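See the structures that follow.
Across the two complexes that follow, subunit A remains constant while its partner is subunit B and subsequently subunit C.
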Partner chain A sequence: MGALLEARSLTKLYGVVIGVNDITLDLEPGVIGLLGPNGAGKSTFIKLITGQLRPSEGQLTVLGERPWANMRLFKRIGLCPEQDSFYDQLSALEFVTSLAKISGLGSGAKERAEQALERVGATEFMHRPIGTYSKGMRQRTKIAQSIVHDPDLLILDEPLTGTDPVCRREIMDLVASLGEEGTSILVASHVLHEVQSMTDEFVLIHGGRILASGKVHEIRSLMNEFPHRITIKCDDTRKLAQALISELPLEGVSIDAEQGEIIVMTRDPGQFYARLPRIALQAGIHVRELTSADDNLEAVFSYLISVH
Partner chain B sequence: MPIAERGYRHWEGKRTGALSRCFAITRFEVSIAYQSSRLLRRFLFIAWMPILYFCPLFLAIGYVADPSNDLRSGAMLTEIAGELFPREVIEQLRENPEIYLPAIWSVVFYLFFAWTQSLLSMIVVAIAGPPLIARDHKSKAFLVYFSKPIQAWQYLLGKLATVVFFVLSMTLIPALLLYSISIALSPDGTTLTATLPIIFKASLASLITAVPIGLVVLMISSLTKDRRIATFAWLVLWIFGEISFRVLTATSALSANARPPAWASLLSLRELSMRAVSGIFQVRSSIETVFQGLGESGDRLSRKMLRLAEDMGDPAALERPRSVQQIADLAGMGITPELATLALIVLSIGCGFVILQRARKAVRI
Partner chain C sequence: MFEIYRMQLGQILGSRMKWLVIIILSLPVLLTLAVATGGALEELERELGREEFSKSVAAGVIPKTARRVTWEGEDILFMGGRLGLTREGLRYRGRSMSQDEVRVVNDGYLIFLDGQLWIDDTKKPQSENYRIRSHDRVSPDTPNGSGVTLTVNTASALYLFLLYPQALCLLISLFYGTSVLGHELTGKTLTYLFTRPLPRWKFILGKYLGIITALLIPTSLSLLTSWLILGALGGFSVFLALLAATVGALMAYNAIFILFGFLIPRRAMIVALLYGVVFEMVLSFVPALVNQFTITYYLRSFVVKTLDLQIPHEAIRVIGGASPLAALIAVSVVSVGGLAISSLLAANREFEIHDQA
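Coming up: the complex of A and B.
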């Protein structure tokens, strides 16, 4: 399979309001998180990808084809929208079967709908009217309709909203297994940690612009203007802090005696991680825990937004 | 024993065509409407009731048309036929059934559409039509629909076919049943050959009623997210139009030497449809056929009737047999069937355009 998505100077204007602004982006197949706060342009971007909007300027290809009103491409795309686009009188099986038929599955639609609903764990309630469903059941039904026609690209818009922990876990597992089977998945969300638990490949969007794309640590490593914050828990914080300052070029060190931890600021985390074991060994200090608060998405996102 | 593969399997079947995909929407919507509205189910049942009135009428026409039947021994059937047609017409029918029977059948089938089925259709459309797009607007189902391999026009066609399905259930299906029963009650096989075009006319009449009405109700539905507002707007459009038309007609009839303005038919969607349907059933020429064959007296009668129909100010109009008056009124009043058909086509195109624009706009929100 070639590139999943290629955007060149992609812009969408709603009158004088900019939906997405001059996006240039290449995405390879896989599971990708599309992250951004509310109003960032995620929905517009998704509508452009799913061919529901025509770009005002620039070019976009998805799975090698231009998406605007492209029926051939729509057969290969599955969309699970954020909103509950349901008919409450119908059962999940009827709903998913109907949408499978609209996707062109014909006489095999019902069987496929049953399989899709089984896959999302909805078999138990699929004969009940949707109007009686909990939020989690509705989410499962929406995902089932988006995978029923076996798409190459699945777009999940806020798939975990309103779900309980068990349902979240199951949806995350489903995303992982679909990804392993070769389905490319774009997970749009404004909740960073949710997406981080599904993939480490991201596109960060804000104000209609792409802030960054790639793996979190790759993005972070490119942000040299912001020192990395590394937290070390050890048995003698003061002694280790002295050793680190004397051995490494650090931006700053602070000690939290109560927590028994040192917070180190460095612009070269690679060198720091490589040399820390020897420094600790020479000082005779037992390091209990080493974490980088900056390698999480939230921190990266905060940095990026502050830059823009 | 091999271990069966029970895991998820990828779809390898062939995709269905564009029409099949858009009619999937129709099946879906018909199922929702049928499941969710008891009132709709009742009206679909009531739609068959007028057959109970028209069947005896066809039986009576068949009876009096057969010269071997004695009118006095079948007094009741003769009386039923006489409700609709004067005695002179019945006598002509007995003498030349092959000429008069198709014309009389056309007129009666037209009345079946105009008197009962069109009214019932408007009610059923008021129940089934307004939610069709308003609900998708509210739930943002457009996003789901248009992420599938379906275009806006296919979506519109699928929705329109839903309304058409219900209107045909009220018009064509009962008309075909009525036709079948009437043929079964006919004296011989010649009736079938003489009246066969009525099947085609009934189909065309049903479609020309269903499609514009369907597009108008869908347009109303596309303008709001609230199905109740859409229902209310539809009822206002229909009832207000109907009342306006009736008031104008009645006012014209009361004032001497005045005719109802031709554009009055444009006020009422049902009237406009029935004008087009009267053209399909060739009501005017059928009436002329029936009455002109009566010779000098019949010619006078038919001319008088048609003139009276066109000139509602003539006090003699009130003296005519009630049923014939209604037929002639409907045949001769208002705009011509051709103009009515043209108006319906223009209306349909306009409504279709508005719906597509609204659907495209809704996706952007």
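Coming up: the complex of A and C.
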């Protein structure tokens, strides 16, 4: 297999606003994290890769093809987009089957859709309309439609946003097993920790430029300089906050009772994510949603830019 | 493409949306019911056929100085489907005239309308002959003595045309056609489709055929019901002609409104509404070439010609005088053209969906 992606002076302008700026990048097949704060140009870069946008300048090839309106390439890539949007009246099975047919799977589409939905753990609810789903179920459905046609390159845009701990774990395991099967995966995220748990290959993007690419340990120590902020949505904020403070070394905890949220600052997100489920279970608290803010990443990027 | 077609069908006829369609399409049936029980159409028919219609539509054609002539059946001469009339015969006594006599003697200003004859002695004739439709039933003992009754209820057929192809098809196409792209953009679902091996023209054609099928089923049922309420007027051919005009309207309007959606995505519906009201509603009745640029003019012509409706010669320019072939060409050109231009626009445009979450 040749190169996964080759960009040469790739630039995308929106009028006078720069989306991505002069990106030159070579990626080999594998699992790669695309990391950058919101507004860094991740989405623009992904839209260029998936042929939704045309480069203003420079060249881009993905799996040896120019992406713009390229039906050959579209058969080989799968995209799990960032937006949480569906045809809400359809069930997950109908939704994924329809998209599988459009991907050219023909009469085998329904069977393949069932397999993909089973793989993301959606079998139980796949006959209900998507409009009735929780965030986690929607996320699983969105991933199922991106893998149903067995793409050579899978692009996951913020796949862990708003998912509960169990769903996070399962999505991470899915990425790992797909990677082992030989699917190349590009995981875009604004949270280093999320990407880190899936791959150690990364591309750092900021201000429409590639700041760095390589192995994640190279910036790991840098990350620890800046505390990581995590928002937890749960039913008893006060009780969970107490339990967290007594069990974990935290930089700070604040409670937003109105929103039912706890905001935690930690220098060791790995330990936090590993221990949170047990702590919550022992305290008898139901954790609904975990969100990582990107401000620590923003801080790292500011630092990287200043040393560049 | 078939999958896009199927999805579009489901979007319109599935779950909550179908109630909207049902409500929209039951309104005209209720209107027809009200009109039929109130006897408004008979009234209109009478007016159309006699005085009001002559005055309003053919104003200036029948001069103020004209007077209505009561007639005794045999004094009208039918020749080859044409009504010939002589001054002599009219004034004095009934007798058959030869074709030559008719041509020579006819120097009055005459109008034959719904079995009634008007004459203006002060004017010179503009036309020697006044056409009688070949299938008009001719009988010497009709109540007004004109010898002519109509087989087709002109007012009712025109009422159904105005209600379905001209108004309803326009409005529902406006609603669905303009939102083909907008619905996928605001719903942020276009990404799923445009990152798959689906050429954009197939997306458009699939959506187009899906909308037409989804709208045609309830519209034709609604039309059928209204037609039955009006006593299955004029026989099944009237329903078929109106159905054909309905299909034509859905085809042409949806193609136009899909194009609007691609040309001006943000303002498509309001521009389409303006177009609908100004062109297809108002200007389509202006007999100064401009109405020949509206779709409804050709569809109306199609209904008038195929049903051979009794429209006065002078009003044909208002109602529609194009041949059925011209109507077919107009609908085809607009449909194919609208879809082709939309496809070209879509193929070269970047559609960006922003996530504001």
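The criterion applied here is as follows: the second predicted complex is superposed on the first by the 218 of 308 C-alpha atoms of A that agree within 3 Å, B and C clash if a C-alpha of one lies under 4 Å from a C-alpha of the other, contacts with A are read in each partner's own complex, and residues count from 1 in each chain.
One rule holds in what follows: a contact is a pair of C-beta atoms (placed from the backbone, for glycine too) under 8 Å apart; a residue touches a chain by one contact, two chains touch by 3 or more.
These numbers come from a predicted model, not from an experiment.
S.K.: Between subunit B and subunit C, positioned on subunit A by superposition, is the outcome a clash or a fit?
M.R.: Subunit B and subunit C clash in the superposed model.
S.K.: Is A:K47 touching the first partner subunit B, the second partner subunit C, both, or neither of them?
M.R.: Both subunit B and subunit C are touched by A:K47.
S.K.: Comparing subunit B against subunit C, which has contacts with more of the residues in subunit A?
M.R.: Of subunit B and subunit C, more residues of subunit A lie in contact with B.
S.K.: Classify the contacts of A:R275 with the two partner chains as first (subunit B alone), second (subunit C alone), both, or neither.
M.R.: A:R275 contacts neither subunit B nor subunit C.
S.K.: With the two structures laid over each other on chain A, which partner does A:R8 touch: subunit B (first), subunit C (second), both, or neither?
M.R.: Neither partner.
S.K.: Taking the superposition as given, does A:G106 touch the first partner, subunit B, the second, subunit C, both, or neither?
M.R.: Only subunit B; A:G106 stays clear of subunit C.
S.K.: Once chain A of both complexes is superposed, is A:F74 in touch with subunit B (first), subunit C (second), both, or neither?
M.R.: A:F74 contacts both subunit B and subunit C.
S.K.: In the overlay, answer first, second, both or neither for which of subunit B and subunit C A:R209 touches.
M.R.: neither
S.K.: Which stretch of subunit C would you flag for clashing with subunit B, going by 81-89, 99-107 or 117-125?
M.R.: 81-89
S.K.: Of the residues on subunit A, which ones does subunit B touch that subunit C also touches?
M.R.: 47, 50-53, 69, 71-72, 74-75, 77, 79, 81, 83-87, 89-90, 98-99, 101-104, 145.
S.K.: Applying the document's contact rule, which stretches of subunit A touch subunit C when the two form their complex?
M.R.: Interface residues on the subunit A side: 43, 47, 50-54, 69, 71-72, 74-75, 77, 79, 81-87, 89-90, 98-99, 101-104, 129, 145, 161.
S.K.: What residues on subunit A touch subunit B, complex-wise?
M.R.: Going through subunit A, the ones touching subunit B are 14, 47, 50-53, 69, 71-72, 74-75, 77-79, 81, 83-87, 89-90, 94, 98-99, 101-106, 108, 112, 115, 119, 145, 149-150, 155, 181.
S.K.: Looking at the complex, which residues from subunit B come into contact with subunit A?
M.R.: Checking each residue of subunit B against subunit A gives 8-11, 13-18, 20-22, 24-25, 27-28, 31-32, 35-36, 135-136, 139-141, 143-151, 363-364.
S.K.: Using the touch definition up top, name the residues of subunit C that touch subunit A in the complex.
M.R.: These residues of subunit C touch subunit A: 2-4, 6-7, 10-11, 14-17, 187-189, 191-200, 347, 350-353, 355, 357.
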